[in-house]
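Next come two complexes, and both contain subunit A; in the first it sits with subunit B, in the second with subunit C.
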Partner chain A sequence: MTASKRKRTAYLFVGPFLALFTVFFLFPLGYELRLSLFRNVMGVNSFAGLSNYRLAFHDAAFWHGMARVGLFGLLQLITVQGLGLVFALLLDGPWIKAKSVFRLIYLLPYAVPGVIAALMWGFLLAPGLDPMLKLLGSVTGGVAPNLLASGFLLYVIVAIVTWEWAGYNMTLYYAGLTALPLEIYEAARLDGCTEFQLALRIKVPMLQTMVGLTVLLSIIGALQLFTEPYILSGITPVSPTYTPNLYAYNMGFNYGNFNYAATLSFILAMITLAATGGFLWLRSQRGRFRAS
Partner chain B sequence: MTVTTALQRQQHRSAVGRRGNLAKTVLYTIVLIVGALYFLFPLVWLTVSTTKTSPELFNSSIFSVHGQLWRNFRALFAYQGGIYWRWYLNSILYAGVTASLSTLVSALAGFGLSNYRFGLKRLTQGMILVALLVPGSVLSIPLFLVIRDMDLLNTYPGVILPFIGSAFGVYFMRIYSASAFPQEFLDAGRIDGASDVRIFFQLALPMLLPGLVTLFLLAFVGTWNNFFFALLVLSSRQLYPVTLGLANWAANIANPSAVAPPPYMLLLTGALCSIFPLLILFPWLRRYITAGGLTGGIQL
Partner chain C sequence: MRGSRYAWWGVTGAISAAMMAVTVGAGLPGRAPAARTGTSNTINYGLFDRLLPKYTKHVTLTWWTWQADTGPIVRAFEKVYPTIKIHTVKFGGGNTLFPKLTTTIKSGSGAPDVVMIGESDLPQFVETGGLLPLGRYGASAFARFFPSWIWGQCRFNGKLYAIPDDGDALGLFYLPALLNKYHLALPATWTQFAREAVQLHHKNPHVYLTYFNPKGGVINGLLWQAGFMPFQDTPKGWKINFVTPNAVKVLQYWIRLARTGAVPMLTSSTEINHDLGTDQFLTYVGPPWTPRYIFAATIGVQKTKQWRVALIPQWNPAHPSDGNEGGTTMSVTTQSKHPRAATLWAIYDNLAKPSIESVDGGGITSSYLGPDTPGFFGPNPYLGGQPDLRVFFKLDKEVNTRYQYSPWTSYADGVEAVQFEDAATGKETVRQALQNVQRAVVALAKTSGLPLAPR
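After this line comes the complex of A and B, so read on.
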């Protein structure tokens, strides 16, 4: 077969993906950028230059939302990745019986759609519905605390997301630990390494690619937070600008301003790309530093 | 990486078992039990709640089991001409079709990228990486407009088409194909006179099967849980997936000025039922998704 014929065959394989990717990713990406440079006044589109971006830059609600998902991302890193890692290390150590029971239970929330998880927790915590808060109320003497009040809401969402993903991460980490060669452990033990040192000095570093991958997914997930606050807004008042994604959604679909909504989305995309790209770059730098 | 067998690990465990002392065993077991209660609590509450009537839900203690389960199921079946089951079938359709097609497209492209050189190869791989690093939902506004201009708003293809060309799927299959179907196999097939397309379908696909199953399951779960885009594209209740339908019922749950009280029991029974399909897939999810995590994690 000639080289040019091979190339044609290659496009036969890659073509369907490239076509779909162009129509449903590249084109919308360009379209979003274009939308963000226009303004719609009384149904007439006119070029607006960077004025939407100037507006967004001074839009305090947008940056509050951004700071909120940033904080959310950090907390989630501690609870989802941190707890996942702790659970995996505990299960991998010599202490625990009935490991498979714990592993099964911890992964169960993975079968629950995010919408349903948010609904259940919303139900459990909503004042007025509150089966759980009644319990709390009887402890504190009458008045149940409102955990969905605006000051607490973010932590409730962290708890929901932790419930959804900690077990999944534990499962991945545990599988990673199981794939490590035993010889390393033997050698470490012969050198008098305790279980704790073993976990910290050997198991955690060996898991770092896997942890890195889940952290990356976690950053992306945190910045696009939408489903949980959206669902909870049916149960408790949630600001329409609570997260950048929620803000863009409301701006586009409730206020009909697609141009400004596209601007907010595009900024969010660039910030996410900077965060994830920066994370990957940092990791590669560290790898290079170690190697040299 | 050497993978040790389960038996070896077991022997190893019992050999080191002596090292774990009792106090630690008790402490760590308690920690894990607390974790287990956290993960189980909402699910147990949900299951118990579906055995109650709406007044019982608010006036009985949380974990008292009542006898209304069957009644709630029947009510869910009958409500608004069985709309819930329509949603259920929609969800299965969306998840099944999206997962099948995106797995096929990803396998084709992954195979192509790992076995051929062509002009757009580097560019394609670069774009895939960028797409991986950006959440899909940031494109939902232009994507909505594209779907609208294609006249696909409020149709089945409108929810399915945008998710078939998956950057993650191609990225995953490229890595998987490179390890499970080395280039030499393609060369050998060519020497035997088979066309590349035939080699792909008859030789490569069977060898890529575990990867295909992983990808199918990931896409199935992803679509089953998808909510955001369906919310934008679908306006007719007949086309809703389960997630969107339930969110719709829940929208006014705590609104005291709502005309009728929200259908609490339908909502909770519906929520419980929406978990079943993924629970049925659970044994496969466990096996294949950890395998998928390992493959993806090694490369990135």
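After this line comes the complex of A and C, so read on.
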């Protein structure tokens, strides 16, 4: 095969991806950037330079939302990834009977659409409707706690997301675990490794790549948090600027300021790129460190 | 018009409420007709029919609406104008229509000829430049059918952008049997209301005079009643002022009642839907569309019939005042190829007799034509036959007509809901909550590029 022919084949393989990437990512991003440099008053567009960005950098609501998804990301890392990993290790260990039943049960919430999940939780968490909250209320002196109040809302969303995604991550980890060669386990056991040590010292380190991938996806997921607060806002007061994504959506489709919405989305896109890029770089650095 | 425009406000279960969640409080309060005195005796359907111009071109108009019973009025219009066909596209409510209209205006295609817009959202849509000034298409001749302040609120920079439809003053719905059972009188003032709320809760801890919801149109209407005017369009630009003594007074009143347990604070719509069916609340503050769109949808028609409506309690009975929740207008978009026909339909749908007389438990016409309509003051089957519009007609005249909506009203509603709740749970003071709303709304207003006047 000649070099030019090989090149052509390479382009042929990359082509479809590149075309879709351009149409559905690069072009919208470029268009967004362009929109963010304009201002629209009474339907008349005028070039605004970076003034939208200046406003956005001083927009306390936007950065509050950003901090909120940051905290959310940390919490869900512990709950979603953590629980997923614990469940997968338990399922892979010798302690659990009827494994396939548990695998199915834990994965089920993932099959429930996010919209339905948020609605279901909305009902569960209404203080007057949920029997458990009522019971709790009778202990604390009559008034059932309102878990949908603004102070609790973030934790409620973490709970919903955990319920929904922990099983999914468990399935990924479990698949990763079953793919590991059995000889290693055998060797470890021969060396006197207990089941607990096996899980901690052998299985977890060997799952690293899989964990890395899910963490990356969950960083992106956290920054784009939208469905849960959006659905809950129909049931309880939720700030229209609760997450950066919700803010950008409301700004465009509910307040009609597409230019500012584009500005916020562009900043969000850049932060997402930086966060995922940073994470990947950190991993590669660690790999290099190991190798040396 | 007593049009069924409020399906989307109806608490028809959490699913629809959640699906409609996009515009947190978009279009919450509306405007009500002011004094219908003076000219009202010369304004009648005869004059309306005489003023309707001829139209002979064959056209089809696309109309976006969330009005429920559109059949009769469309048929009547097509009879008067046989060359105009109305293609009706129904939306579940303002908050499903709203994002779609915003997008089609922005994209420059796909918008309808005629569209229903909540009064509180009108300034925001005018600001997009997507609505057509209607003056030059013959709309100005119909100004005389409306109180000037109502007409004025559809005008921006001297141009008319919509035909007003209905206004919705707040009244006090109550369960007569239960008020009697607990020996309570209909409260005429808010002071009396608070006293009775405490008394009732003392007598029976499981029953309340009403509940307090920091989110939504009712608290907005109650603030409006007390003279709260957060937005004023001045020659120097928009004046934004949320931190006012009357707002502090109203919010503190409700928060105090909620803190002492005399009325519960309910923020979850699923819970409110549930509790309304349990006869826990003896009164309910709401506009004319409440019986059909709130009560009937949540507690059923039979239970709805036990409710009656009375005048709303006052802060100062010597100077009665009221606020609104709801209210709609009809606009023509700049994308319409037949603006004259479109304007005709907007006028007809809001003023013609078949529309105003269709008594279906919707809003109340903002025009002077109500009293000229047979059955206007007749019994409302939803309220066990009470002629409720007599009450609302009186309330409409008490509405503070200086209240204004702004392009940021729907955003403000969303921020208020969270801040008022935080104030109620003691996370901040009422004044801090209002200051936070002020700060957030001003920050948003700055992104629009419109001039802002100093406070």
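Assume the second predicted complex is superposed on the first by the 257 of 292 C-alpha atoms of A that agree within 3 Å, B and C clash if a C-alpha of one lies under 4 Å from a C-alpha of the other, contacts with A are read in each partner's own complex, and residues count from 1 in each chain.
The definition used in the following text is that contacts are C-beta pairs under 8 Å (C-beta built on N, C-alpha and C of every residue); 3 or more make two chains touch, one makes a residue touch a chain.
Keep in mind that what you see is a predicted model, and the values were worked out from it rather than measured.
Asker: Once chain A of both complexes is superposed, is A:Phe152 in touch with subunit B (first), subunit C (second), both, or neither?
Answerer: A:Phe152 contacts neither subunit B nor subunit C.
Asker: Using the touch definition from the top, say if A:Pro240 reaches subunit B (first), subunit C (second), both or neither.
Answerer: The answer is second: A:Pro240 touches subunit C but not subunit B.
Asker: Using the touch criterion from the header, give the chain among subunit B and subunit C with more contacted residues in subunit A.
Answerer: B
Asker: Quick one: classify A:Asn250 as touching subunit B (first), subunit C (second), both or neither.
Answerer: In the superposed model, A:Asn250 contacts subunit C only, not subunit B.
Asker: Tell me the contact category for A:Ile231 with respect to subunit B and subunit C: first, second, both or neither.
Answerer: Touch partners of A:Ile231: subunit B and subunit C.
Asker: One more residue to check, A:Met42. First (subunit B), second (subunit C), both or neither?
Answerer: Touch partner of A:Met42: subunit C, not subunit B.
Asker: Which partner chains sit in contact with A:Ala126 here, subunit B, subunit C, both or neither? Use first/second/both/neither.
Answerer: Once the two structures are laid over each other on A, A:Ala126 reaches both partners.
Asker: Under the stated touch criterion, which partner chain does A:Phe258 make contact with: subunit B (first), subunit C (second), both, or neither?
Answerer: Both partners, subunit B and subunit C.
Asker: Based on the superposed arrangement, let me know which partner A:Trp63 touches: subunit B (first), subunit C (second), both, or neither?
Answerer: neither
Asker: Look at A:Gly212 in the shared chain and tell me whether it touches subunit B only, subunit C only, both, or neither; answer first, second, both or neither.
Answerer: After superposing on A, A:Gly212 lies in contact with subunit B but is clear of subunit C.
Asker: Based on the A-chain superposition described above, do subunit B and subunit C contact any of the same residues on subunit A, and if so which?
Answerer: 115, 119, 122-123, 126, 128-129, 230-231, 234-236, 252-253, 258
Asker: Can you list the residues on subunit A that touch subunit B in the complex?
Answerer: 1, 6-7, 9-14, 16-21, 23-29, 31-32, 35, 83, 87, 90-91, 93-97, 102, 105-117, 119-124, 126, 128-129, 131-132, 135, 163, 167, 171-172, 174-176, 178-182, 185, 189, 195, 209-210, 212-213, 216, 220-221, 223-224, 226-227, 230-231, 234-236, 245, 248-249, 252-253, 258, 261-262, 265-266, 268-269, 272-273, 276-277, 280
Asker: Enumerate the contact residues on subunit C facing subunit A in the complex.
Answerer: Per the stated touch rule, the residues are 14-15, 17-24, 26, 98-99, 102-103, 105-106, 124-130, 214-215, 261, 266-271, 274-275, 334, 407-408, 410-411, 414-415, 417-418, 420-422, 425, 427, 439-440, 443-444, 446-450.
Asker: Can you check the complex and tell me which residues of subunit A touch subunit C?
Answerer: Per the stated touch rule, the residues are 39-44, 48, 52, 55, 58-61, 115, 118-119, 122-123, 125-129, 142-143, 146, 148-151, 230-241, 250-258, 260.
Asker: Touching residues of subunit B toward subunit A in the complex: what are they?
Answerer: 1-4, 8-9, 12-13, 16-17, 19-20, 24-25, 28-29, 31-32, 35-36, 38-40, 42-43, 45-46, 49, 57-58, 62, 105-106, 108-109, 111-113, 115-121, 124, 127, 130-131, 133-135, 137-146, 161-162, 164-165, 167, 170, 190, 196-197, 200, 221, 224-225, 227-228, 232, 242-244, 246-247, 250-255, 267-268, 271, 274-275, 278-279, 281-282, 285-286, 289-291, 293-294, 296-298, 300
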